[in-house]
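Notes to accompany the following structure.
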């Protein structure tokens, strides 16, 4: 029964991901005075792409064809780790943050390889940029997460969230910093403005889009879906770690219902903030991304320091 | 000493505010664009206002509301507005000041923070760690303000540094002693206001005399004549 | 008590009068009158205090004790004589086109503003208000330093503003710490009152007070001009109008030192260690020696004497740091004679600079031949400030030396050395200015040397014999500060 719920939760994750992407796009369009597409547009896009026959370059190796499946499944696996509507599920034994970061790294590795595989200029460029950014973003992310895990004395996401919940409303300075760091990292990792622009294929500064330029058909659909899933994962991570209220602690239908409503509400709000930020901020030059990420790292570090200095017992 | 979970909500909030105020000081230190510098300064003032309101609410002391309003008017609205106008008037909003040795300055800032803790450490014996934190943060905000003045060359950045020193002081006054007596607080606010107006006059004078607000050009007077 | 309100009210009326009425031909004379009336009020106040002892106003806002009342009178006196000097001096500056009516209006208004701030520093019982007034003094004078609007004067004013502002912020932090220590033993609203603090000083937390004192010393020490926080002082003195230099040197520095001494009295009561004293001695001696050496390298006559001010302030800080009745007595005496002498010197220097049309030492020559009055004034003033007998500066420096030999004999040679260096530094510059041939094209100017004469005569009198009532007064103040009488 419990396993069933765990599977259900992951399925929910996968199904809801395009909805979140659609909602962000919708908000953004409204803010920019454009006519918004339906919130369900991403589903239609994915459906359309799966019907189409993929075109694969003659030079492409097996890796190019396999990569979308690997990336998608790695991201789905990462999604199993993150508690979406309930904390005390059987998957929580493996719900370690480091495991999640590992899945992300795994997916990214294959994405970068796939970008390089065809041998086009854009693919290689995108891959190299992706690796640069991720090498800078990962320490910042880990730093932010370590701050959290130090407070909860565990690296297990599920336990950490339960800890935050049990503690009640405690305002920790370190969490404020960790939250800020995690938001910055999430923006960089999911390729949003100001680090990357998800809305265009035609910029020389593109990163994510450059790597997947050669993909089409269902391959493209899988990669797009994976990246939507990643956006949602980060959203859920931020929402559930720092504002865990509403998440189901008992395994009852009612609690799940509340949990689902709560997380959807939280994500909707987060997405609105994202849309506002993307409307207000201009994309950064590529060379300034390192400054941006080192700032995120600094925040993470400050979170850690303020945990040690301001909060620890003596 | 207790863990943070055992402290009351007010103290937790004050600690968070202290951390954020400290952060804004660091942000200012590394900021080469004047408009952003001013924005971060206003943000710091806003955090200060929040802290004051928080203190006023939790201690139920009415005179702190007055100082909160004063802070809001002076530090969040009037001074940033005045500085911003100067920047726009001088068409300096597109200039980015190349900060020399930014990394060294940042490291210096970090060591100043450690230094503040070191200086104030004896206090911990007679009061709580929370107090030490609050006072140390406000002292480091002051010292970082000075560092800001040393590391930047624009007169406007100097004013921001100067005012952020005041912010640090104010934070200490709110957190450690729940505000100064009302007369003193009014006096300080008056001084700050006059200082702000005087700075405005000075910008005008400096501009007409050296045609720039780069204080490195103010170098005619020396300790010993060359 | 009415006298206190009068002392504060008259300058306030002065500010408003000058600010609202605009500049008139006789503004200078009216300024003299304002200062004269204030002087009378302070004398009345002093007589009250001498008869009744310490006065604390009913709401405890003002505190007049033997220590500050004598500084109040000194402030009023120097302010009065300086305004006498300022009246023709500023008229001359206007006549040669350096200043406009509007600036003179600002000048007179802010002159009164500065005096108000000074009286407030001295009379208030509240350490917080003391800080506010001290900052107010900076704000009032900063535009006066840049009165001529030359690039140099604006630079000097900017430095003055920024350095003093930043410096004095440290003093506010010290005050906050003081308050923090005070609220721990109760009584929030009155906790910053000096009299309350002093009464309860032995209950205050010594650690916090020690830290607070360091900040107070740094903060007010910037205003005193203690090395290494002195950079603003020579610039501000040299670039502002001369009457301003006279009051800055003669009054502002004293008042800042007054604030430090007040803080020291609290700290000494609260702690057993002599940390405050050692700090003051260290800073004082350093300022004294550095300024004495820097005297040799000056080329601007006003800068020369502002370094001399730093030197003497260092000496006083040192003496207050030693503590003891003898050193305290010497420091109080030195405060008086230095104020009188230094403002007299600035007055003559102002005339000398007007005469030569420049402040550069190498262009001021043969004063005794051009205009003997100014030449002699400068010479006698310098002799006095360098510590020659029979002037009062000699007496106070001698007493300081005595106190040093008594408490810290190994520091006495340093003190002697510094006095020697400073003496040489002053005279190598003064001699060619006073003697030598009359340069071409420098003609006598209209000069009113009465303030100089009165000041120097007083200093001479203090050197020959300290009048009974004054000696009584000094010993009362000494008793109050150091706990025992010197004589």
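For reference, chains read A, B and C in written order, and residue numbers begin at 1 within each chain.
The rule is simple: a residue touches a chain if its C-beta (ideal position, glycine included) is under 8 Å from a C-beta of that chain, and two chains touch if they have at least 3 such contacts.
Source: prediction; values computed, not measured.
Engineer: Out of B-C and A-B, which chain pair has the most contact pairs?
Structural biologist: B-C
Engineer: Which chain lies at the heart of the structure, taking centres as C-alpha averages?
Structural biologist: B
Engineer: Express in whole angstrom the distance between the two chain centres, defined as the mean CA positions of chain A and chain C.
Structural biologist: 66
Engineer: Take the average of all CA coordinates in chain B, do the same for chain C, and state the distance between these two points in whole angstrom.
Structural biologist: Centre-to-centre distance between chain B and chain C: 31 Å.
Engineer: Could you tell me the distance, in whole angstrom, between the mean C-alpha positions of chain A and chain B?
Structural biologist: Here chain A and chain B have centroids separated by 36 Å.
Engineer: Can you pull out the residues of chain B that are in contact with at least two other chains?
Structural biologist: none
Engineer: Residues of chain A that contact two or more other chains, please.
Structural biologist: Residues of chain A never touch two or more of the other chains.
Engineer: Going by the contact rule already set, what residues in chain C reach two or more other chains?
Structural biologist: If we look for residues of chain C contacting two or more partner chains, we find none.
Engineer: Show me the residue ranges of chain C that touch chain B in the complex, using the header's touch definition.
Structural biologist: The contact residues of chain C facing chain B are 126, 128-129, 131-133, 135-136, 139, 142-143, 146, 149-152, 154-159, 161-162, 165-166, 169-170, 172-173, 176-177, 179-180, 183-184, 188-189, 191-192, 205, 207-208, 210-211, 231, 234-235, 238-239, 294, 297-300.
Engineer: Contact residues on chain B for chain A in the complex?
Structural biologist: Residue list for chain B touching chain A: 1-5, 9, 12-13, 15-16, 18-20, 23, 26, 117, 129, 133.
Engineer: Any idea which chain B residues touch chain C in the complex?
Structural biologist: Per the touch definition, chain B meets chain C at residues 119-120, 122-123, 125-127, 131, 135, 138-139, 142, 145-146, 149, 155, 158, 162, 165-166, 168-169, 172-173, 176-178, 180-181, 183-184, 187-188, 190-191, 194-195, 198-199, 201-202, 205-206, 208-210, 215, 218-221, 223-225.
Engineer: Within their complex, state which residues of chain A touch chain B.
Structural biologist: 167, 169-174, 176-177, 298-299, 302, 306, 309-314
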